[in-house]
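Same chain, two partners: subunit A is paired with subunit B first, then with subunit C.
Up next, the complex of A and B:
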């Protein structure tokens, strides 16, 4: 770990700590209009009539008829409307919006809108969607995506197996709870739409507005405002808000603000997909030699990004293990729930929870220690992945495992059964994460990064990737400064404005440091050669996948990702024998995420990611009942507080990626994916039972333990 | 937003004698309950009467054999006061988070009368009385007579909760358990407060209260009587089972967004059993 890893003061820290950072809701203008969305109060219905209150002057209604271009949010299938047309497909779907100068009045008017519905039988669960007994929501069979891939001879492996183990796993919803709720400000001036707001992907928003307005691209401008967290929640959803705000601005000619109330944000924005994952393993000589993984995602009312989330889940289906005979099936089901979307890990947390827990269960069945069992199956350099991609770099899982076992005193603690009157358990997980966009994503994106050396010898980073707490304001400055040999303070990196920055792709998929950072590294190298003091020099480069990467998107064969990060987690829990409350006491992590671009920022990512994963496994309960979420405030949707955080102990192993800046790989999502299975293994160890579902609620444990007792 | 800020208790009572107000001290429940949309003030059902600043409504003192806590005393002050029995302090220390405890008041928690109000089970087992004042009257009621249902109590519109008072028990055993949704800023799934005293093997005091398991906190004196005056050696498995079953008749929780009825009931009874077992000689 060279100089680059040495922590520096974060560039965004002072303004955030002092409270001077300006988030979208901090901007005000004279004569600004406020917008409130009127939403469906039915999960699935035909809109029969809409009765509007009398609108005072200065107030207006904006709905589907005010969309100048196409009433569809640009994503993959473009099935998601900005405003409902004749049918609503989830509780909370926007039907119209009211804009006006006084918030109080806007609130009153929006509550006075009367909508008559004719209900259509709703579909909520994967099973209901699968049965297809009610009128389908999407296509003829409710499937947004239906995929399949194979490797080796899975049928042969099952035929020759000593034993076949079949299990079914379930994972729940997860809500992002970024600190800053979503919001946008829109203007229409001189024939141009400008939108400012909280977002991860300025060009997603721009492209959505181009389609929605039917404008040429030079008439749309998108500017990111300081963003208080995203976690994937601000990947695709901001387009919905930007559209509505922009339609209001277009209709009124005024600046309009649409910022969600926390309750709206919790209930009506995207969340992590619930899943049902069935795994069937063919066991021969105490090893898993064949596997079939069948992944079903509940995708909600519109396709959104679900097909790609499903792909990442499918490509992570065998975890960190080499299994030569593989069949993976995947389906994304339409239901009458808010569209499910991007969330840190993007399908991988569901798949990794399932495969890790499956491997634990099989190890126990074989009478083997799960750590050794997993090590025996782990990937090695030169192996091919489930999709047949080649692992070109050293896979340092043995070293990672050795470190974490020693650090956590795993085997000594494993003997322990009780601690301070509590049931004690310890659990281990081993996993990988594919870095950057899934499949051919990076090829399609063809990201462009630009550096502009100004006459004053300062250098501007011109990319569309955003700071949302994960640190690029600091790490990317470090990369550029170090290559150029200039002070970090001489590198300027402002919140992106699509009028100024090229499209370097979205801030997602743990791609910013490795892909965009790698591109910037190469741009900086070239700039260094072209450097002329006192003169302006601009260098720009387009991303190209390394030539050795082979991928066939139609068969899912080849290198699903250009590189992988790896990790292991150990979690210690204490379970109260009376109440089954789970206390996560200690969390250990060893990761190979390549060269850390700043050790402190990486440590922050590890603590935050693991805690979010621990919440996913334990506290974060979101139940859907009678067409609505039961937990729809931050009083009821529970994420861990500092008091719930365990003590963390972390270490790194560094296997650099040659195309990453200074050898950096991916970090942000990796830190989340292994926590849930380690928590699950620890609780299983404490209680001596097998578990198949997260979140692991005390309520569920009580029922399971009562069954166990009888 | 409109409201009245009286300068004294008398002025507050005078105002209440004239029209209906919603008294508001720390606002930690009311601001949330009546919130509307972002950046809008809450919409109270009647004019707010701000009482959090009135000096006569704040303070903790020992009067004869009683502890008297004025209604607008901050939760954090009670949490830190050595005069206050530990069972109440423990309960308060697990409420919300320091910021909320620095705003919220004990009177607010009582008048809010939520089945999950965390000061209530300890106040029930302390046999606390509440004193209500109106312009011309002073009433004193046991807390379990004062609270009548979820969010319902005997306060009349012209009254203010003035103080809560109780005798300090001389107990040998104590248990407080809050089972919340997480460790801080959490509402209770259920809570249990229990006190008992055994001297020379004889149980001369036994009180237990349960929160969030019925429309109001649960305390059943008739069952307590059965435990009282027993010798600890009489706490047989059969006897304990009988007591647990009897409480089972009173504990009638619901399924909601925080927990399930089954969990609440089972765990409440498990904690009861654990407390009874504590009284048994080792």
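Up next, the complex of A and C:
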């Protein structure tokens, strides 16, 4: 690890510790209007009538008739309306909004709106959507996406198998709980709409507003404000809020603020897709030689990004393992639940939980040690992935595994069954993460990054990627400064404003460091050659995948990702023998995420990502009952606190990627995906049973253990 | 109604509605370093010192704390002369998205007043009411330990 990895003081930290960094809700203006969304109180219904309270002067209603262009949020299928039209498809769907100068009055008025509904039989679960006995929500069969791919001869593998193992796994909802709730401020001035707010993807918001207003692109401006965490929750959802705020600004000519309160944010924004994953393995000579993975996602009421989430889940279906005969099926089902969306890992956490737990179970069945069993199946350089892509770089899983086994004293601890009166268990996981956009995503995007060297010899980074806590304002400054050989302080990187920055794509898919950073690295190299003291020089480049990357989006064949990061986790748990409460005591991780662009920032990603993954496996319960979530606040939806956090021990193995800046690969999502299966393996070890579902809840363990005892 | 609050050492006369929470009165009068994360007293983003004790300002009726001393993170240091705790948070890498940071720093200040030499468990207990979704609390715990050293050295 060279100079680039050496930690520096974060550029965004001074303002944040003083509390002077301005998040969207910190902007106040005289004459600003506040907005409250009036939402459906039915999971699925036809709107029969709407009765509005008498509005005092200065207050107004905005609804579907106030959308100047198309009442659809631009995404992949464009099926999601800003405001419901005749039908509502989930509890909480926006129907109209009330804007006015006094926030409390706006709330009072919005509570006084009376809406009459005619209920339509709702569909909540994957099974209900699959049965298709009720009027479909989407198309004829409720399927937002229905995919399939194959490799080798899976039928042959099953025919010749010594044994076939079939299991079904379930994963639950997960809510992001970024500490800063979502929000936007909109203005309409001089014929232009400007939106400021908390977001990951300024150009997603801009493109959504272009469609919603039917304006040419120069009449829409989007500016990111300091963003208090995103984790995917601020990928596609901010367009919904930006649209409603902007419609209000357009109608009133005033500055409008729409900031969600926590309860609204917990209940009505996107979450991680619940899944049902069925795995069938063909076993020959104690090895998995063929596999069929059938992934079903509960996608909620509108398509959103579900089709791509499903693709990432499908491409991660065989985990870090080379299995030559593969069939992967995937479906994203429409249901009358809030649309499910992007969340750190984007489909991979579900798939990795399933394959890892399956591999553990098969290993146990074969009487083999899960770590050795997994190593025997691992990918190597030169292997082809499930989609037939080539692994061009060294796959350093043996080294990663060796390190983590030693660091955690795995085998010594594995013998332990009890500790301080608690049941003790230790679990291991091994995994990969595809870096950057899935499939043809980067080719569609064609991101542009620009550097502007000013006359004062300072250099501006002009990209649309945002700081939301993950560190690019520091790491990308380091990259550019190091290539140019100038002090980091001479590199300027402000929150993106679409009037100033080109579209370098969204801040998602762990792509900012590797893809955008790699592009900036090449732009900086060229700028260095063209450098002229005291003069302005602008250099920009467009991203293209390396020539050797081959992908067919229609058959899902080839390199689904240009590069992969790898990792292993070990988790130690103690389970209370009476209540089955789980305490995660220690978490170990070794990752190969290429060259870390700043060791301290990477450690922050690792700790935060793993704890989010541990929460996903244990505490973070969100249940859907009678058309609504039971957990509607952060009093009910629990995330890990300092008391819940385990001790962490982490290390890195570095296999650089030649097109990443200084060899960096992807990091942000990788840190989350392996935690849940390692927790699950640890709890299985403590209790001596097999588990098939996350979150792992004490009350369910109690039932399972009672069954076991009888 | 009108009332006087002593905020970061300065007497401020403020006009506010009688039912307002301290959080709103502070934010509406320019103290936006006090963050609103939940309004339920769960997340700790709005923690301030009230007569030296940490409180969730969203759970305090403003009218009940007139004439009392309130300290926010801006009352501890300035951008050019940060408080050693603030300095420790930067050095330890404990700041990511930053939204929990002002509350974390205030809770740390309160802890170190009570216990200048906290162990990991003391720190975890003291910060149990401050949620963070970015850091896994590792570097925050480190920052508190570093702050403890710095505070002792500076005698603050």
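Quick note on the criterion: the second predicted complex is superposed on the first by the 710 of 710 C-alpha atoms of A that agree within 3 Å, B and C clash if a C-alpha of one lies under 4 Å from a C-alpha of the other, contacts with A are read in each partner's own complex, and residues count from 1 in each chain.
The definition used in the following text is that a contact is a pair of C-beta atoms (placed from the backbone, for glycine too) under 8 Å apart; a residue touches a chain by one contact, two chains touch by 3 or more.
What you see is a predicted model; the values in this text were computed from it and never measured.
Of the two partner chains placed by superposition, only subunit B is touched by A:699; subunit C is not. In the superposed pair of complexes, A:631 makes contact with subunit B only, with no contact to subunit C.
Once the two complexes are laid over each other on the shared chain, residue contacts for A:36 go to subunit B alone; subunit C is not touched. Look at A:641: by the touch rule set out above, it reaches both subunit B and subunit C. In the superposition on chain A, the chain among subunit B and subunit C reaching more residues of subunit A is C. Once the two complexes are laid over each other on the shared chain, residue contacts for A:261 go to subunit B and to subunit C alike. Of the residues of subunit A, those at positions 181, 261-262, 635, 641-643 touch subunit B in one of the two structures and subunit C in the other. Considering their complex, residues 27-28, 32-40, 42-43, 45, 72-74, 77-79, 82, 86, 89-91, 93, 95-102, 105, 123-125, 127-141 of subunit C touch subunit A.
Those residues of subunit A that touch subunit B in the complex are listed here as 36, 103-104, 107, 181, 259-262, 578-579, 581, 619, 623, 630-631, 635-636, 638, 640-644, 698-699, 702-703, 706. Against subunit A, in their complex, subunit B makes its touches with residues 32, 36-40, 97, 177, 179, 181-187, 256-260, 262-263, 266-267, 270-271, 274.
Contact residues of subunit A toward subunit C in the complex are 7, 9-10, 12-23, 25-26, 28, 176-181, 226-229, 231, 261-262, 468-471, 600-601, 603-604, 606-612, 633-635, 639, 641-643, 645, 648.
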